[in-house]
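Please go over the structures that come below.
Same chain, two partners: subunit A is paired with subunit B first, then with subunit C.
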Partner chain A sequence: MLSIKLAIKNLLGAGLRTFLNVFILSVAFVVIIMQNGFIQGWNKQAKVDVVEWQYGEGQYWHENYDPYDPFSFQDAHTAIPERLNTARQEGTVAPILVTQATVYPEGRLKSIVLKGIDPRQKTISIPTDKLVREGEDVPAILGSRMAMNIKANVGDYLLVRWRDANGMFDAKELKITGLFRTDVPAVDLGQVWIALEELQQMTGLDNEATLIVIKDQSHAEMDLAGWEFQDLDELLYDMNQMIKSKSVGNAIMYLILLALALLAIFDTQVLSIFRRQKEIGTFIAMGMTRRQVIGVFTVEGTMHAVLSLIVGAIWGIPLLLQLKKTGLPMPEGYDQFGLPMGDSIIPAYSLGLVLVAVVIVTVTTAIVSYLPARKITKMNPNDAIRGKIQ
Partner chain B sequence: MKIINIIIALMIPGVLAAQPSGDEILDRIDENMSSETRHVISKMVIHGTRATRTIESETWSVGNEKAYTEYLAPAREKGTKMLKLEDQLWIYSPGTDRTIRISGHMLRQSVMGSDLSYEDMMDDPELRDKYDAVVTGSEEINGAGCWVVEMHANAPDVAYQLRKVWVDKVRYLPLKEELYAKSGTLLKKTELFDIRKVGNRWYPRKIVFKDMLKKGGGTEFIVEEIEFNVEVPEHLLSKAALR
Partner chain C sequence: MDNNTIIQTDHLVKRFPIGGGHFTALEDIDLRIGKGEFTGLVGPSGSGKTTMLNIIGSLDDPSEGDAQVLGTSIKNIGARRASTLRKKHIGFIFQTYNLMPVYTVFENVEFPLLLLKMSDSERKKAVMDALEWVGLTSKVKSKPKQLSGGESQRVAIARAMVKKPELVLADEPTANLDAENSHNILRTMEKLNEELNTTFLFATHDDKVIRYLKRIIYLEDGKVVGDEQVKK
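Moving on, here comes the complex of A and B:
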């Protein structure tokens, strides 16, 4: 208790120097929470979005299908298993046929992936109800990024050229009946969606699909010949890896900031011990052990962390709450990299996150406060009380 | 008047007898156009929607299976090399010092921004086996009398459902060709101009390719120099020649 009283008295006595150290440390503290909050927020948001728009609760892939290898598409299709017929009627599974094609927006040639999906599906959020054919025109829907890239709008006709299952060219105009806005570029960029039956007819691949998205776990892990089940862990593997590497990158950033703050505290401690040798000698002369004196100085240093938590809370909580309300706007065009990301990232703070930040700041401050204080054990109290430099 | 009608009636069977069959016409075209080996120095003039670009190249080829092309100009494309071996195509770019194989969706990309895609270059030219050719009429193209030959695919694994060719009646050159999709949409058009005698065969000095779905003025392929049945250096037809 004496140590704490002395520490507070000394810290307050140091005035501006203490304030600067505490403020810098509070910045590191708030930044740790903020950066991890954004990473957690993005992670949470992206996972919800990809499940909702792309992965469902898992997918069956044709054994030759590789989403990262467009060369695989032409051989990656087979008959949709009859066991899933009831679920198809209910819309709880969504078979998708994938093929390569070329569109000619305003007479420019652009390679795309043409995807056929059942208009009745209720598995993913793509508004497939707009693919129901009402007249002569073949309806098509696009994501807003794709529409922006090819300057297309609802009601426009889009000329598309493709090859059928045997490699023969065919061309047709599709009518754009809807645009959708999603945070998942993987169902938007470079893609055009039409009704599954239309694409099956166009390519001569009757009742065939490349992948099947499922809505609930009751259709997971079924033994379907020619199909391989991909659960969410497998589907989200790349995204998890990406978030992990992003977390490491961010940790480097805040560790640098933390290191700067801790360096300032370390310097302060070294200076204190050098300038307050008479005081140290007096403490020992009055009966304190060297360990108790080290304790006084370590507590004094660590009090910077405690004060920084208070100062950080004073200016950090309103800032973090405001960020949670408004989110961090992402620069325009960021989503063109293919990452699932909204217009802004809403941070997600948790008690665990705050506790981790508190522990990191407090423990590291205690360590850098203790290290210079160890010098006290080597001091001669007589010389110290005389103020003789040691 | 009656006499004229009688003369015409007498002439028609003679005219019909002189009309070769579609297959005969294709054979004569092959005879005239194809060669065992070939060396060509050419220019490709690409008329885009905004600007026109000219690319010069030198090509060595063996039949339709093997070809080696090196781009000579402009400076930006100079040193780019392309190698076709059977159904495989590689391209070497000096800028990146990399050789990549063009396959899958990349085959659909345009060659240097022209109206030709890589897959057009890989297209199987064996028309006789996969198409039924029928002469449907006679028309005049650039002052030359031509047979109009329609080729309908008889096999499912061909690129175009219908090819319509206007073949010069005298020189047996396809002066114009149109390629149609299954739905009947006209996809591509090729026209041959400035026909000259090269050795014992007729050959066009200029070929204009047009992707009919794309905007722009098409792509001109101008033959500067051409030699048939020359010896092609062996080393050019291997991947080692690309670097």
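Moving on, here comes the complex of A and C:
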């Protein structure tokens, strides 16, 4: 209690220097929460989106399928297991056939991935109901980024050329019947979606698919010959790695900021102990032990952290709440990097996040306050009382 | 050590290392100072009076011999017991006052009592009594920088006296004060010595202080060269 009382008096007595240290530390404190809030928010948002739009609750992949190797598509297809027929009817599994193709928007050539999906599926959020054929035209839907890239709109025709199962080229015009907006570029950029049966007919791969998306866990981990089940951990592995590396980058940034604040406190402590030798000597003369005096100086330094929490709360809470309301707008073109990301990232704050920030700031401040305070043990109290430089 | 003796030194020697050798600050000092004395260690700079005060105040330890203060041997006293001795029984008055600049007068005087863990009401009463002794009750909320030199030293006296110690050690208490303030300070200490029977031990070479002393111990080159009782 005595240490805290003395610390508060000394900190208030130090005036502007205390305020500057506390303010810088409060910036570090708020930035740690903000940065991690954005990472957590993005993490949450991206995972929810990819599950809704792309991965479902897991996928069966043909054993030859490699989403990162378009050459694998040619041999990555087999018959859809009959065991899933009921689920297909209910729309709780969505078989997808994948093939390479080329489109010719306004006479230019563009390689794409042509995907066939059951229009009745209810497994992922792609609006496949627009793929139901109502006339002669073969309906196709595109993501808004893809539509923008090839300057296509609803009602436009798009010439597509593909190779069938025998390696023969064929071409057809698709009618764009719908555009969809998603934060998951993997179902948008370079993708054209048509009905599964259309693609099966076009390629001569009747009743075949490359992958099957499932809606619930009741269809997970089934032993289906020629198919390998990918659970969400495997499917989200790359994204988790990316988020982890992003977290490390952010941590480096806030550690630099924290280091600057701590350096200022360390400096203040060293200066304070040097300047207040007389006071230290007087403390000892009046009966304080050296350990008590070190305690006073360590608590005094650590109080910077406590005050920074208060100051950080005063200006940081309104800022963080406002950011939670409006989100952080992402620059145009960011989605072209292939990361699942919305127009803005909404930060997600948690009690754990705040507690971690509090512990990091308080513990590191206590350490940098204690280190110079140890010097007191080496002081000769007689010289200290006279304020002699030691 | 008899009941009336508060300080006793026996063959006290203090040496400080200098270069490869050492400097002898105190050499074979034998002294007895009784309870309630108003005594001064008088001598020129370097005579050893501050060193003597520091050893008696348990801020330093003897190289040889021993000093008994209030029945406690200073030799090998240990940091914890030394701080307890200072905290409970000894008050210090310094040449440069050594007040805490960020504390008010009240808080400066209160500080030694915080270490003794007294109740709030007892502490407040003791502080106000001490400030009354030195005539500074009107300055309780002032900060040291708002006080004159004389007032600052009176606050230092109140701080030394607030816990009613048996012994007050004053190192050149008037060195930074003019004649009028010096006399005021000394009259205050003299009054406290008489009313509370507190033992005062000064280290000084100031004639203004010497005039008030009831006993003068002359030091020169670390040796006692004279010891006289002053008849008033």
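One rule holds for everything that comes next: the second predicted complex is superposed on the first by the 390 of 390 C-alpha atoms of A that agree within 3 Å, B and C clash if a C-alpha of one lies under 4 Å from a C-alpha of the other, contacts with A are read in each partner's own complex, and residues count from 1 in each chain.
By our rule, a contact is a pair of C-beta atoms (placed from the backbone, for glycine too) under 8 Å apart; a residue touches a chain by one contact, two chains touch by 3 or more.
Keep in mind that this is a model prediction, so the values were computed, not measured.
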item	value
Fit or clash between subunit C and subunit B when superposed on subunit A	fit
Which superposed partner A:Ala171 touches (first subunit B, second subunit C, both, neither)	first
Touched partner set for A:Pro70, first subunit B, second subunit C, both or neither	first
Subunit B versus subunit C as contact partner of A:Ile284, first or second or both or neither	second
Which of subunit B and subunit C A:Gly13 touches, first, second, both or neither	second
First, second, both or neither for A:Arg161, with subunit B first and subunit C second	first
Partner chain in contact with A:Glu106 - subunit B first, subunit C second, else both or neither	first
Partner chain(s) touched by A:Lys378 [first = subunit B, second = subunit C, both, neither]	neither
Least Cα gap, in Å, left between subunit B and subunit C after the two complexes are fitted on chain A	69
Subunit A-facing residues of subunit B, complex	49, 103-105, 108-110, 153, 156-161, 179, 181-183, 185, 187, 211, 213-216
Partner subunit B, residues of subunit A touching it in the complex	69-71, 73, 100, 102, 104, 106-109, 111, 159, 161, 163-164, 166-172
Residue numbers on subunit C that touch subunit A, as the complex places them	50, 54, 57, 59-60, 79-80, 83-84, 86-88, 92, 94, 96, 98, 100-103, 107, 111-112, 114-115, 159
Residue ranges of subunit A in contact with subunit C within the complex	2, 5, 9-10, 12-14, 278-279, 281-282, 284-290, 381-382, 385-387
